[in-house]
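Okay, here's the structure, questions in a sec.
For reference, chains read A, B and C in written order, and residue numbers begin at 1 within each chain.
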Amino acid sequence: MHKSTANTEPGRGNFFEDFHFGQVLHHATPRTITDGDCSLYIALTGSRQPMHCAQPVAHALGYRDRTVDDLLAFHIAFGKTVPDISVNAVANLGYANVKFVRPVYPGDTLSTTSTVIGLKQNSNGANGVVYVHSVSHNQNRQPILEWVRWVMVHKQNTSLPAPATVIPELDAYVAPDTLSIPDFADFHRFETKVTGSQKLWNDYQRSERINHPAGMTVDDSDHTMATRLYQNNARLHFDALMMKDTQFGRRLMYGGHVISLCRALSYDGLENAIGIAAINAGTHSNPCFGGDTIYTWTEVLDCWELPGRQDLGALRLRMVGLKNLPARELQNTHTEQNGRQVYHPNVVLDLDYTVLMPRR
Amino acid sequence: MHKSTANTEPGRGNFFEDFHFGQVLHHATPRTITDGDCSLYIALTGSRQPMHCAQPVAHALGYRDRTVDDLLAFHIAFGKTVPDISVNAVANLGYANVKFVRPVYPGDTLSTTSTVIGLKQNSNGANGVVYVHSVSHNQNRQPILEWVRWVMVHKQNTSLPAPATVIPELDAYVAPDTLSIPDFADFHRFETKVTGSQKLWNDYQRSERINHPAGMTVDDSDHTMATRLYQNNARLHFDALMMKDTQFGRRLMYGGHVISLCRALSYDGLENAIGIAAINAGTHSNPCFGGDTIYTWTEVLDCWELPGRQDLGALRLRMVGLKNLPARELQNTHTEQNGRQVYHPNVVLDLDYTVLMPRR
Amino acid sequence: MHKSTANTEPGRGNFFEDFHFGQVLHHATPRTITDGDCSLYIALTGSRQPMHCAQPVAHALGYRDRTVDDLLAFHIAFGKTVPDISVNAVANLGYANVKFVRPVYPGDTLSTTSTVIGLKQNSNGANGVVYVHSVSHNQNRQPILEWVRWVMVHKQNTSLPAPATVIPELDAYVAPDTLSIPDFADFHRFETKVTGSQKLWNDYQRSERINHPAGMTVDDSDHTMATRLYQNNARLHFDALMMKDTQFGRRLMYGGHVISLCRALSYDGLENAIGIAAINAGTHSNPCFGGDTIYTWTEVLDCWELPGRQDLGALRLRMVGLKNLPARELQNTHTEQNGRQVYHPNVVLDLDYTVLMPRR
């Protein structure tokens, strides 16, 4: 006989003891990215990059269609890993080695797989750190995007033994000679009139700082709609009732959406940064909420030539996101608190990433 | 000579005396459903069903494209009937026999027609009940969706005689042998990795209850945007000024959107419910407003084999929607009030519907 | 040697002294308009025009696809001019001669160019008026949309001499024999059942006033999302922190979006106004903000036959937009204030435009 009122526990996710070294997780559900997603991304971020907005611009350079915004593809691929990796996370500790390997075109379908590449139980025995290497493939089984991420996850059954500690070695940044450069595209054909700025790779210099002038106020509908579009179902972004009893008191904005907003705001000053090649590291130093106004500045960390390319260079950039404080009004990301350097309370993002830019 | 300042009364709609038995109404305006609508539906509900999100998944099963979410098609078809049927409604009394007849694909255009199949003037003479049978066709004149609905409508000219009373007989539910099952599709090819759950039709049992864990806070922008997308122009969803003077005091959420939210929230626990075959009945027991957080539970009412199909079964489900109360915190939909059983004030939806699910 | 911490000033825009007569500005960035944009436009405005929503309706009349809503195309084309023309505007003074020259289809890419056709420095020497003629082309270099606009712009370097004053002559309205009428389309094939109204061109008369019944409350997410979709980056629509210190105290709704809302609300009563041929003039008499409820009425200014067309006529209309006051509750747009006739404080829009409508 069957139980009459069985209660099941769906959406349970994985706890620390459920992960083991070398484990491969196939994440549900595959997702076809369409023109509709691209339009929504524009409407939610204000993005104006011509490679993602204008088919003829992409065609002229050798692409078969306009491309899906790199961050839109990333957020969708990333969102798919949440139910398996981070639904029981104590904290999202970091990510690195985010490589944009191939263009994504409207109509492509992304499927994402993660491999456990590191484990370390914490000394309290109550949780541990899981490192995963995730790869997203298109419908032709070509990798289009990969990254490493580490999260602290609750251990449910604390009586189980700790796994052997493995901590992967991670590069501080994605080296220029390992970036994926579109070999089919010729950026000598790039016309600056499509972006409105004649400032090209050659015109940027190390240590230069750009205060992007625009600010964007984000309402709760905006960030929750974006995060649903990304099919990232982490509950703290959506459930205001549940969040009322937390330290935040309200729904938390998905940190990835903050990256998108800063990237869109940085268009004025980085108009010709036509695509993202890598994200080297990122810190979400303070939370963002509905009603916050986001600003951003950029510092040029490095200007890299690319092997064999006279038409294209790379810039390693530091993008700093702020809430409720224009970029020109803050000089340093850090401030002293009880003798320690901590992030200024208005700094919400500190991202180290690499863009591609045409050169003259 | 023409009148110099004629005032016309557009959007008047039909009153009780305008309906007659057997009358056929062709509803404006036809609507092409596109990838854009599908993306917005994901962004507004958080839906993750792979049949609607991933073209290769649909292809592998024998569909010619990913399908439009059943409820998105329903809301658009339904919205078209509002100006003719319910703009003067006192109350939307019920719906039944909602049958999803054929898949809708992005690019299909829906046109909807209603036939008056019942009329009953109320004893007060001031209003009456109209029953309509509505069918939505695609551009190839194939029926894709049908339903019966009854509404109480104001009578404007109360001096007109009452029509003969006709009350249609309605089945309590859509019988399993009358469900439209996609005969071209082979669900033996279905892979559970695309949904992330190995729980198939065989694993559900009658009386089982599933408390879906996630909650979704809905802001006014979310539900009004959804209802505009559905082109449902019932004014009580949109006009906050008009609603200020009603019992509600504010804009009312479209009940159909609550169904969509509950369906999306029920993904965790019903991952392999790949499509809706029928809606048998539904009660919108309490109103929802912007700011409410929606939760849901599901009870399995019946597990049906389908004639001639070893790859697919049907589940008749009861989906209960709640506002501002997680599903695990409420045992019963009803509570006693003055000696009567009434819906608990946090229960907003009680839906009886039938899904298709692959079996092993 | 390079400067170590150069600060650049991106997004500076043009000041009065940067404009000269005959100057041509190529606006960044080209934009492909897709099905996704069209769906968002429906979701943001509630538009129901069948030419834009239903492919078979457009096909039957001779169009190669459903068309992009005229105002969506206009807003996108217009938005592109903001960084070059009006980012330093003291005031947007007016626009005229807006001509919709050719249909825009999903997939078309718009590029916009402006020519300076007039300049007049104000006597204070601190600013001046710039007149531009803007044209938007599709990917086949066919003009699809053009307009004249004049803005008052700050002069940064007031020591520079004033330019020669040139004030272009502008017609009061676009004459009927200069309207672009689709010569490939046959509106004898138009079926009124697709719009739900049998009221055609012949049935309207001069001076007729239509109080459109519906109201639409607009939240901050709605109008900011729309304005981002249009890629109009004027900061006063987005930056609540910056706006807190202005006379408005909050984000200002883009006036073009108010036109779109009124156009959508006017569907009930103008169902067969299948497209916009021209905008003759427009006044945004009062600002709109998130939370406002928009209503509208229409007055018929003129009923024009079109040369050589028995299937189609034109109506010159005055569309009046109101906030927080239903159309039936206001008789006149103007009211007396200190002996002067000024716009009633609830009147937000006074638009003179021309639509095409099938005739019998």
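The rule we apply is simple: a contact is a pair of C-beta atoms (placed from the backbone, for glycine too) under 8 Å apart; a residue touches a chain by one contact, two chains touch by 3 or more.
Per UniProt, the chains are A, B, C = MaoC domain protein dehydratase.
Model, not experiment: these values are computed from the prediction.
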Practice task
Look at both sides of the chain B and chain C contact and report whether the same residue positions are involved, with over half shared, or different ones.
Solution key: different
Practice task
On C-alpha atoms only, rotate chain A onto chain B and read off the angle in steps of 5 degrees.
Solution key: 120
Fill in the blank from the handout: Distance in whole angstrom between the CA centres of chain B and chain C is 36
Practice task
List, in ascending order, every residue of chain A touching at least 2 other chains.
Solution key: 34-37, 39-40, 219-221, 225
Fill in the blank from the handout: Contacts from chain A onto chain B in the complex sit at residues 2-11, 26-32, 34-37, 39-40, 83-84, 107, 109, 139, 219-221, 224-226, 228-229, 231, 233, 235, 238-242, 251
Exercise for the section: Flag every residue of chain A that touches chain C in the complex, lowest number first. Expected result: 34-40, 42-46, 48-50, 53-57, 66, 193-197, 205-217, 219-222, 225, 268-271, 291, 293, 324, 326
